[in-house]
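Each chain gets a letter, A, B and C, in the order it is written, and its residues are counted from 1.
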Amino acid sequence: MVTFVLPRLVSFEGMGRRSASVTERNLATLRSAYWIVMVSGFLEPVLYLFSIGIGVGGLVGDIALPGGEVVGYAEFVAPAMLAASAMTGALSETTFNFFGKMKFMRLYEGILATPVRPIEIALGELAWAMVRGVLYSAAFLVIMVLLDLTTWPRALAMFPATILVGFAFGGLGMAVSTLIRSWQDFDLIAAGQFALFLFSGTFVPLTAYPEALRWLVEITPLYRSVHLIRGLSTGTTGWAQLIDVAYLLILLAAGLAVAGRRMTRLLCK
Amino acid sequence: MPSLIHARGLIKRFGDFTAVDGIDVDVRRGEAFGFLGPNGAGKSSTMRMIGCVSPPTGGVLEILGLDPVRDGPRIRAKLGVCPQLDNLDIELTVRENLTTYARFFGIPRKVARRRADELLDFVQLAERAGSKVEPLSGGMKRRLTIARALVNEPEIVLLDEPTTGLDPQARHLVWERLFRLKQQGVTLVLTTHYMDEAEQLCDRLVVMDGGRIVATGSPRELITRYSTREVVELRFNAESQQPYADKLDGVGERVEVLPDRVLLYVHDGDEATAEVHRRSLSPASVLVRRSSLEDVFLHLTGRTLVD
Amino acid sequence: MLAVLEYHLVNYRRTWRGSALSSLVLPLLTMLGFGIGVGAYVPGGVDGVPYLDWIVPGLIASTAVQTAIGEATWPVLSSFEWLKVYFAQAAAPLRVRDILGGHLAYMVFRVLISAAAFLAIAAAFGTLHSWWSPLALPVAMLVGLAVAGPTAAYAATITSDSYLVILLRFAILPMSLFSGVFFPVESLPVVLRWIAYALPLWHGVDLSRAAMLGLDPGGLGLVHALYLIAWCAAGCLLAHIRYRRRLVI
C-alpha cells in the first residue's frame, strides 16, 4: 500500500472507512416515523414550486433573463427552488441535528473514544446529509422535467451541480454549528437562511434589486448556486458558471477545515 | 515487564488552572489500577489524556508504547472507555448501541453482531437487546456502557467512576462483572472516590489530591503505611468534639477530630475503648473498625474524601 | 387559568427577543423580498390593488398561524414529554381546563403581539387602505386559536417530535402556500380550492384582506367568522379531551 509522506497529523489511512462508520450509525437510526420525515423532506420545494412558480406565476407572466431569453415564471423559479432546497437540506442536517448530537446527546464523546477522529465525524455527517440531499434533488429534477420546466439532458447536468451546492452548504453549516452557543442561536441561523432564500435572485432577477443590494447578493453562496443551476436549467451556461463552481468548492474546503479544527478544540480539550 | 501506560511529569492545564500537576504513573499488564481522590483531584483529566482525547500540556505519556498525540486512532483502537456520564446512543436499541459502536472500530458486521450478543450475555442485558436505551435503569445503562467499552476486545479498559450514582445492589453487580474481567486478564484502569470500590477492585492505586499524587501502593500497603490496624470512632453529644479530643491525648498513635466525631488510630480497638472509659468520658456512640483507605486519605490530606 | 397564563408570560419575558426575531423579522423580510420584489413583476396588481398591498393582509393571517403553531407544537410536546411542565401544574390545584386554557390564552397573546407589530410595519409602508384595518387583529387571534386548538390536541397525542415535522410538512406548509396568501385561490384546480376552503387559514386571509383593503365582505364575512369560531370550539374541545387523557390518570 502506498504510504503518504504527509505531515503526521494528516493521515488518510482508514479515514474513509471511519467516516463511513459514522454515516452508518445514522442509517441505523432510521425508524418508522423518521423515515416519513426523511422522505417528506422532498415535498417542501415541490410545494413551493407549485405555489410560487405556478400559482404566483399566473400573476407574473414571463421573465427576461440577463442574456435576453424569455422564460415562463415557473421555469425561472424552479432551479432556484432546487438550489434552495439543497441548501436547506444540507443546513438542517449539519446545524440543528449536528449540534443536537454534539451537545445534547453527547454522541460524539462516545465516538471519539474509538479510533474515529473529529474530522472523520464531520465527513461522515456530511456524507449522510448528502445522501438525503441527492435523493431529494433527483426527485425534484424528475418533477421539473415532467412539468416541462427543463429537458432531460439539462436535468442530468444539473444533478451534479446540486450535489456540489449541497456539499458547499454542508461544509458551511458544519463550520457554523461549531460556533453555536445555545439553541437560541438557531433563530439567527433560520433568519439568515430565510433572508438568503428571499434575496438570492430566487423569485426575481438580480436586476430588480437596488444597486447596493445587488452587489451584496452577488457574493452570497445561495445566489452563486441559483446562478449555476439556473444557467444549466435554462441552457444559458457560460464562463460565469465556472466562477460559481470555484466559489462553491472553496466554500466546501473552508467549511470543512474550520469544522474539523473547531471540533477538535471543542471535544478534545 | 514494560508498562502499558507510562507517564512522567504529566501535566494538564486549562488556562491558568492546573488540573494535573506533574504525575508519574506506570500501569502493568493485567493489573487493576486505580486513581483515588475527591472530586477535582485531576482524575478525570488524567483519564481523558490516557484516552487520547485530551492532549497533555507537558511531560511524557506513552500508552502501549505509542504517543497519544500522534497515534491517537491506533491507541484508541486498543482501548475501551467507560465515561463517568453514560453517553449511550438514545436513538438506537441496546443491541444496536454495541453493533454500531463496533463499526467505529472497523469490526466486520458479522463479528460485531456475534460479539454484541456475547457481551449482552456477559452484562446480563440479553433480554433487553431490542429495547431502547431510555427506559433502562441507571445500573443497566452503566452495564451497557461497560459492554460497549469491551466491544473491540481492548487491551486496556478505562473506567471513570464506574459506580457513581448507582444504588448498592447495582454497584455490586458492576463490581462483580469488573472482577470477572480482571480474572480474564484485562487491564483495568479506574478512577473512584469510593474507598470500598478501590479496596474491592484495585491491585494498585495512586491517591490524588489537587492534581498531584500523594501516595502509591496496594490498598493493604497504603493502609499499613499510613494508618493503624484499627480505628475507634467516638461521637459525643456536644456542639464541638474538640474538648473531648483534648482529653484523649495519648490514646493510640493519632487522634483526628471531625465535625461530628473523633477518630482514634490504634492498634487494638477494644483496649483503646477501655482507656476512653477509664478517662471517665462517656461518648454517645462507640464504633471499632478496621482501617480503610478513607483513613489513609484523611491522614495524607487532612480531609475526608466524600463531603 | 390566569395563574397558568402568568407562568407562560414570565417565561416569555426571558425569551421574547428570540421569538421577536422570528415572528417579526421573517414576515418583514417576506414583505420586502416577495411583496416588493415580485410585486414589481405583477404590473396590474391583483383586483386592481398593488401586489404588495394585496399580500400583506394575507401575510398577517399567515403569520398568526405560524406563531400559534410555533407555540402549540414543540412547547406542548415538551410540556408533556420532556420538561413535564403540565404534570407539575397538574400537581397544583389546577384543573385541566386551567392548564390548557392558560396555555392557549398565552398562544393567542403571542399571535396578537406579532400581528400588531406586523400591522404597524404595514402601516409604515403605506399598504393599508381602510380605517377598518385594526380589525385584522381580532381576525388574526381568531385564526390563531383555530389552528392552535387542534394542533395542541395533536401534540398531546404523540410522543416523538418526528410527528410534528410531519404535521408541518403535510398540513401547515401546504395550507400556508395555497390559502390565497400569495395568489387568489380561484386559480387553484377545483379539488385543491375546496381543500383550501375547508382549512381555516383561507377564511382568515379573506377576512383580513377585506378589513385592510376596505372591502365589504357581506354575508360571506359572517360565514368566515362563524366557520373560524367553529374550528376554535372544536379544537379546544378536542385538546381538552386529549389533555385530560394524559393528565388525569
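Simple rule for what comes next: a residue touches a chain if its C-beta (ideal position, glycine included) is under 8 Å from a C-beta of that chain, and two chains touch if they have at least 3 such contacts.
It should be emphasised that the depicted structure is a prediction, and the values quoted were computed from it without experimental measurement.
S.K.: Of all chains present, which has the mean Cα position farthest from that of subunit B?
M.R.: It is C whose centre lies farthest from that of subunit B.
S.K.: Name the most central chain, where centre means the mean of Cα atoms.
M.R.: Chain nearest the overall C-alpha centroid, as shown: A.
S.K.: What whole-Å value do you get for the distance between subunit A and subunit C if each is reduced to the mean of its CA atoms?
M.R.: 30
S.K.: Using mean CA coordinates as chain centres, what's the subunit B-subunit C distance in Å?
M.R.: 56
S.K.: Could you tell me the distance, in whole angstrom, between the mean C-alpha positions of subunit A and subunit B?
M.R.: Taking the average C-alpha coordinate of subunit A and of subunit B, the gap between them is 47 Å.
S.K.: When you check subunit C against every other chain, which residues touch at least two of them?
M.R.: Nothing qualifies.
S.K.: Applying the document's contact rule, which stretches of subunit A touch subunit C when the two form their complex?
M.R.: Subunit A reaches subunit C through residues 33-34, 36-37, 40-41, 43-44, 47-48, 50-52, 55-56, 58-61, 63, 73, 184, 187-188, 190-191, 194-195, 198-199, 203-204, 208-209.
S.K.: Residue numbers of subunit A touching subunit B in their complex, please.
M.R.: It is residues 8-9, 11, 14, 17-18, 21-22, 24-25, 28-29, 105-107, 109-117, 267-269 of subunit A that touch subunit B.
S.K.: In their shared complex, at which residues does subunit C touch subunit A?
M.R.: Result: residues 15, 18-19, 21-22, 25-26, 29-30, 32-34, 37-38, 40-42, 46, 51, 160, 162-163, 165-166, 169-170, 173-174, 177-178, 182-183, 187-188 of subunit C touch subunit A.
S.K.: Okay, in this complex, where on subunit B does subunit A touch?
M.R.: 14, 48, 51, 53-55, 70, 72-74, 76-77, 79, 81, 83, 85, 87-92, 96, 99-101, 103-106, 148-149, 152
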